[in-house]
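Heads up, there are several structures right after this.
Shared between the two complexes below is chain A, which pairs with chain B and chain C, respectively.
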Partner chain A sequence: MDLLKELVTYYNDNGAYVWTEFYRHFLMSAYGVLFAAIVGIPIGILIARYSKLSPWVISFVNVIQTIPALALLAVLMLVMGLGTNTVILALFLYSLLPIVKNTYTGILGVDKTLKEAGNAMGMTRFQILRMVELPLSLSVIMAGLRTALVIAIGIATIGTFIGAGGLGSIIVRGTNAAEGGAIILAGAIPTALMAVLADFVMGWFERLLSPANSRKLS
Partner chain B sequence: MLTFENVTKIYSGNKKAVNNLNLEIEKGEFICFIGPSGCGKTTSMKMVNRLIEPTEGRILIDGKDIMKQNRVQMRREIGYVIQQIGLFPHMTISENITLVPKLLQWSKDNRRERAKELIKLVNLPEEYLDRYPQELSGGQQQRIGVLRALASNPPLILMDEPFGALDPITRDGLQEEFKNLQRKLGKTIVFVTHDMDEAIKLADRIVIMRDGEIVQVDTPDEILRNPANEFVESFIGKERLIQTRPDVKTVGQIMNKIPATVHKEETLSTAIQRMKEKRVDSLLVIGEDQTLEGYIDVEDIEENRKKSTLVGEIVETELYRVKEDSLIRDTIQKMLRRHTKYVPVVDDDNRLKGIVTRATLADLVYESIWGDEDDN
Partner chain C sequence: MKKLTKLIMIGMLTALLLSGCSLPGLGGGSGETIKIGTVTTSETQTLGYIQKYMIEHYTDLNAEIVGNLGSSIVMHQAMVNGDVDISAARYTGTDLSGALHMDLVNDPEEAMEIVQREFQDQFDQKWYDTYGFDNTYVLSVRQDVAEKEGLEKVSDLSSVADKYLFGVDNSWINREGIGYDEFVKEYGFEFNKVYPMQIGLVYSALNNKKMDAVLAYSTDARLKQFNLATLEDDKHFFPPYDASPVASNDLLEEHPEIDGILQKLVGKFDNDTIIELNYQADIEKKEPSTIAKEYLEAHNYFEDE
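Up next, the complex of A and B:
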């Protein structure tokens, strides 16, 4: 009961601060995923087309994924110094795997018959990509973005160690305070909430974009 | 208009899928490639629009070597229909039909116009244009598949077992519909099938293939009468060889030329009167110029006697019909399959020419039996 009361008091006193960190946290995650999408989707498309490249590229992004977050952050920090950009770069790297992999499987998963039909009707390679492959794999690509965003929101919590702020800062404060339980929660709850919310919203988009639902879009 | 000159295709592994194919196809001709699975039908067909490129030899369309043309441009001028149908699930029927016109950069209005025009050809309602493929039945989807191939009005259409995945009744209807459409539009068609009935029914000439080589090229009648060798004979099957014997062959030769009819402007009482006179329970309904509008039967009249007075108001327009030059064996098959008691016979302008009833067919059978005994 006390914990809950303390929590409410904390939010009352520091509402603006929590909100700033929440927003900052979200932006870092979103930018990381956004840049990863800009780079990862074309890579996914490319390796779906030139399948000889795919094992190499997939293994590479897989390796990135296996590096522990703190270690990766530490290494990046040595190169790029402290600050938000370093965190965003780390999130970018972590987001690559789900995005590249989903784009790749999404595009390969488009019914071969449809690609052949497009080809036989005189579509150029680019037209097949734009009018057939991308629309039909959009929901799978979206699922990749969803995974990436949820992971990014989790990892962004440790950004505070290299001075990037975010909800992690509140949690770390709590761990440093004597009776900091409520403060830890004050940081952890919004983080969890953000992850759940992101998952939900992206999931909704994903379903909307699935080919079976295409009529809702038009 | 389409020429194969010594065309050979060797896939990696040195297997000759098609071996030295020579064939000349005339404009407006309906050609069926037929043969056992793996004999190279699909490969031959796909070489025409360069989905597969020949290893040796040349293919010419209107005298021009296809290898010297722009591949993408050329494909837009050749229709293509496949067994798997391959409509795009994220596009509406209208968008699916007019995809090639879109690639050819027709304006939106022209495309929509064209879609409306086309969907009329297969007797589907215009509302379907805004639906999605998965909302249509298999038969309807393949009708759309055919329309998609016709959209930019290409002179040549390639079809790979297009009706192969449909149930027999739907397939039957579509074959008939498509044959009529082809006659009307005068397209050159290369049609791959492994169903001999289908080939006989549709083709002007049948190309029988085996192990990548042509065994016989001829009209269906000629192939049935003079199969080139045992392979062709066994491929045709004994039954069909016998079926082709009787001298009577087309519906026009055996039909009853004075069917019981009623004009659509006549009254229901007249109709009843006529049914009594002719001792029938159903009449064909005709309109201006002898055009066939449909039929009415006794029950329809009984049910509607209070509400309506004219035949035209209650005529049933859903009616299966055949042409004078339809083959008797096809017609028999269809009547049996559909459990209909009769089929009206019409000409190309849908004018009523006669009727074939089960009684007509029974007469035919008796005649042929008596005929045989006379000979002995």
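Up next, the complex of A and C:
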């Protein structure tokens, strides 16, 4: 009960600060995933087309995923220095696996007969991609983005160790304070909330974009 | 395969390039954002935010906190690499032995002169005069005991020390040159028993009468929380850890107005003020950012001086 009271006082005193860190945290995660989508989705489409490349690329992004977050941040820090950009690059790298893999699986999962039908109608390869493969795999790709964003929000908390700020700063301050339980919670709760919210919103998009729904819409 | 590697390379490069410039919503990268480094302690964070709000109050520049750096060495590296333009607070004693690899000096003014000169010469950085507080070791006893025994200076302990249990920071006890053995030599008395412990524990150990005297940090909020008395180091045994802002000369040349802003903060924070600010951060659990804003608003951003 005391903890709850401390938590309420904390938010009362520091609402503006928590909000700026929340916004910062979200932006870092979103940028990381956005850049990974710009790079990862084309790669996923490419390796679905040229299946010989897929084992190479998939194992490459798998390897990135196995590097511990703290180690990756530390290595990137040596090259890029302190600050948000380093964190965004790390989040970009971690987001590649779910995005590339889901795009790849999504495109491969499109029924062959549909592609052949497109081909028979005289569609070019690009038209097949744009009008058949992408619409049908969109929900799987969205699922990849959803996973990537939730992971990114979690990893962004340790960005504070290289001076990037974010909600992790609040948590770390709590661990340094003498009786910082309330401060730790004050940072952890918004982080968890953000991840849950992101998962929910992206899940909603995913359902909206699923082939069954888009037929209804059009 | 070649095509693919090319593609991946291009992708990586674009990402790197994109992240090289500052992204909307996130400062950093661009030259117009002043980066202020702080370590994990509340006092450096509060002072960092005070600098940030002062800079934003007096100029059109943006300032950003690069917080939670691991230690003063990490901070120093960040300054040298240009990741950080201003250190919120640096301590003479810490950087004499840390960044400069020199022996500790007991005279505060001499220590200040050395770091100011050496940082100017070696690192092209300006080390300002002190904020007015020092975060050094200080001997502390309970207020009622201090009054009863008439304790004001460390030397006053000599008559009672043989009955006292002494709680100390476990990293201090064997420190070369300023550890317990040298302490005994300098002051000429020994405590009944010495208990090394985590520095965070000494305050409540003293307050709960488990210890009779402890070696505390002079700006810790718990001195105020438990109303503990501190004893003057009359033989100047402990090295000075006076706190100052440090800024890179590159920044000061580019934005000369920042020099005046940092100069305004010099001498404005004595130990009692810093303990009060630390008290708000550590005991009342306010964020340094909030404390800094309130403090500056209460003092009108030091505009009158």
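Here is the rule we use: the second predicted complex is superposed on the first by the 214 of 218 C-alpha atoms of A that agree within 3 Å, B and C clash if a C-alpha of one lies under 4 Å from a C-alpha of the other, contacts with A are read in each partner's own complex, and residues count from 1 in each chain.
We adopt the following convention: a residue touches a chain if its C-beta (ideal position, glycine included) is under 8 Å from a C-beta of that chain, and two chains touch if they have at least 3 such contacts.
What you see is a predicted model; the values in this text were computed from it and never measured.
When both complexes are superposed on chain A, chain B and chain C sit side by side without a clash. By the touch criterion stated above, A:Gly203 is placed in contact with neither chain B nor chain C.
In the overlay built on the shared chain, the residue A:Gly122 is in contact with chain B alone; chain C does not reach it. Applying the stated contact rule after C-alpha superposition, one finds that A:Met28 touches chain C and leaves chain B untouched. In the superposition on chain A, contact is made by A:Leu114 with chain B only, not with chain C.
Applying the stated contact rule after C-alpha superposition, one finds that A:Val132 touches chain B and leaves chain C untouched. Once the two structures are overlaid, the count of chain A residues touched is higher for C than for its counterpart among chain B and chain C. Contacts of A:Pro55 after superposition on the shared chain: neither chain B nor chain C is touched.
Contact with chain C, but none with chain B, is seen for A:Asn14 once the two complexes are overlaid on the shared chain. Taking all C-alpha atoms of chain B against all those of chain C in the superposed arrangement, the shortest distance found is 25 Å. On the chain B side of its complex with chain A, the touching residues are 49, 51, 72-77, 80, 82, 84, 86, 88-92, 99-100, 103, 132, 134, 148.
Those residues of chain C whose C-beta lies close enough to touch chain A in the complex are 1, 4, 7-8, 11-12, 14-16, 18-20, 23, 25-29, 35, 37, 40-42, 45, 64-70, 78, 81-84, 200, 222, 281-287, 289-290. Considering their complex, residues 6, 9-10, 13-14, 16-18, 23-24, 27-28, 31, 35, 38-39, 42-43, 46-47, 50, 52-53, 56-57, 80-85, 88-89, 92, 160-161, 163, 165, 169-170, 172-173, 176-178, 180, 182-183 of chain A touch chain C.
If you check the complex, the residues on chain A that touch chain B are 111, 113-114, 116-124, 127, 131-132, 135-136, 211-212, 214-215, 218.
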